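In what follows, structures are represented as structure tokens.
The two complexes that follow have chain A in common; it is paired with chain B in the first and with chain C in the second.
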Partner chain A sequence: MAERPEDLNLPNAVITRIIKEALPDGVNISKEARSAISRAASVFVLYATSCANNFAMKGKRKTLNASDVLSAMEEMEFQRFVTPLKEALEAYRREQKGKKEASEQKKKDKDKKTDSEEQDKSREEDDEDEERLDEEEQNEEEEVDN
Partner chain B sequence: MADAAVGKDKCGEQRLVSLPLSRIRVIMKSSPEVSSINQEALVLTAKATELFVQYLATCSYRHGSGKAKKALTYSDLASTAEDSETLQFLTDILPKKILASKYLKMLKEKREEEEEENDGEESDIGEVLA
Partner chain C sequence: MAAAAAGSGTPREEEAPGGEAAATQAQAPTTAPGARLSRLPLARVKALVKADPDVTLAGQEAIFILARAAELFVETIAKDAYCCAQQGKRKTLQRRDLDNAIEAVDEFAFLEGTLD
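Presenting the complex of A and B:
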């Protein structure tokens, strides 16, 4: 394969850490071996993507989804990855659900607070509260996008 | 709160994947015909890549000869790729290395074979011209 631009490489530090955690303590990894594994990982991503994309196209979809990736793993004879990947997917979905619920709850609490305060305060102060609420809502939206 | 599916990182935060999603996405997008990638697919691909790195490292270590010296070398990786059906897709980028002297010898032997064939033809021409 021809040379590739830097962007298609994965960060050395992370790759090295994953290798070290996988191997027994005290094993030395040559620089060449490390660099080769990093390249292999990039090739793996390409191969997996291409495979997953075939499944998406079969399903007449333009967006790759989780099941396409799982099907790709089986196709590539990496069935051993399917179970841990499914577990990771569950964990990820729970995490996303948790984040969403947390931000929705925050919003609810603020709405409640503003309602009870409005009854006591004058109009000027009401405007201030609404401004603050808008700002906070904007902040929350930013978090959800991340 | 340690969970088998969730990785850990130095800050003590629990992280699902260590590889940067932005970089994984760049590589995925460089593949032709891929229009868009759903966030879950991105996370799973990153996770699969981590599993792959672990697999390649441990397989190569066990399979290779570096094990005796408690080291993982390039040749361990190259021979594992060659010998494993699952890892065949890596043989192009992880070619086995040979000594330059051995390669030159192989080239020389090949040329000698070709010359022998040519000699046959030349002598025919020689006879015609003579």
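Presenting the complex of A and C:
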């Protein structure tokens, strides 16, 4: 499966959706234009990666990090992306943190209680289980104190 | 004036936890609300990043930001191309609108010759 990097396209459906949401209602896009944009997006990622990698190497790091990518955006003259990207990064970090804490919490619950299955069900149903959610919050506080 | 509670009959997109799978194709099914921080599948973006022989490793955050940046890029280039189509009073974006945008906008110079 030796594919050229430019052939690694991003999913058409997602690209189409992004385009349609960016444009006013009623505007269409031809198949050729859409696939050209998809290609352009791949090239963009490759180019940004290369730029970001330069920054990583300058910092004598082997792993690309978020700030390398942000520096790459500025280098590529896409400064206008920097602010929305920073905001997205903050949101992403918060979400990752939340996920991590949630899965750690789950593990500990499984060890402690046999009622964990009921608690999982109640988490999915937002309607009736405010009381149980309060219990969970209390549990979280206890954990933090520890 | 009672403030209308969210979800009182108006079906908003982000309401159902993990219910809709419309746009999130290859992404892992997350149930966290508002988890659609990026619509492009991170796995594919990662594949592109790894295609660069000079890149050793890329952190998860870097992949995520690249995905988001690619989305912003798609929006940007679509809008710029649309300006050209508008001048021609057309309502369908054509390939040539894209080519014009690439020629006209300095930031898109890196795309020249790559889309064939």
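The rule is short, and it goes like this: the second predicted complex is superposed on the first by the 106 of 146 C-alpha atoms of A that agree within 3 Å, B and C clash if a C-alpha of one lies under 4 Å from a C-alpha of the other, contacts with A are read in each partner's own complex, and residues count from 1 in each chain.
The rule is simple: a contact is a pair of C-beta atoms (placed from the backbone, for glycine too) under 8 Å apart; a residue touches a chain by one contact, two chains touch by 3 or more.
It should be emphasised that the depicted structure is a prediction, and the values quoted were computed from it without experimental measurement.
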Q. When the two structures are laid over each other on chain A, do chain B and chain C clash or fit?
A. clash
Q: Kindly classify A:49 by the partners it touches after superposition: chain B alone (first), chain C alone (second), both, or neither?
A: both
Q: Could you say whether A:90 touches chain B, chain C, both of them, or neither, answering first, second, both or neither?
A: first
Q: Determine, under the contact definition given at the top, whether A:98 touches first (chain B), second (chain C), both, or neither.
A: second
Q) Looking at the overlay, what does A:32 touch: chain B (first), chain C (second), both, or neither? A) both
Q) Once the two structures are fitted together, what part of chain A is touched by chain B and by chain C alike? A) 8, 10-11, 14-15, 17-19, 21-24, 26-30, 32-33, 36-37, 39-50, 52-53, 57, 62-66, 68-70, 73, 76-78, 81, 84-85, 88-89, 91-93, 95
Q | Contacting residues of chain B [partner chain A, same complex] | A | 3-6, 16-20, 23-24, 26-28, 30-31, 33-38, 40-41, 43-45, 47-58, 60-61, 69-74, 76-78, 81, 85-86, 89-90, 92-94
**Q.** chain A - residues contacting chain C, complex
**A.** 5-6, 8, 10-11, 13-15, 17-19, 21-24, 26-30, 32-33, 36-37, 39-50, 52-53, 57, 62-66, 68-70, 73, 76-78, 81, 84-85, 88-89, 91-93, 95-96, 98-99, 124, 126
Q. Tell me, which parts of chain C touch chain A in their complex?
A. 17, 23, 25-26, 30-32, 34-35, 37-41, 44-45, 47-49, 51-52, 54-62, 64-66, 68-79, 81-82, 85, 91-95, 97-98, 102, 106-108, 110-111, 114-115
Q.
Show me the residue ranges of chain A that touch chain B in the complex, using the header's touch definition.
A. 1, 7-8, 10-11, 14-15, 17-19, 21-24, 26-30, 32-33, 36-37, 39-50, 52-53, 57, 62-66, 68-70, 73, 76-78, 80-81, 84-85, 87-93, 95
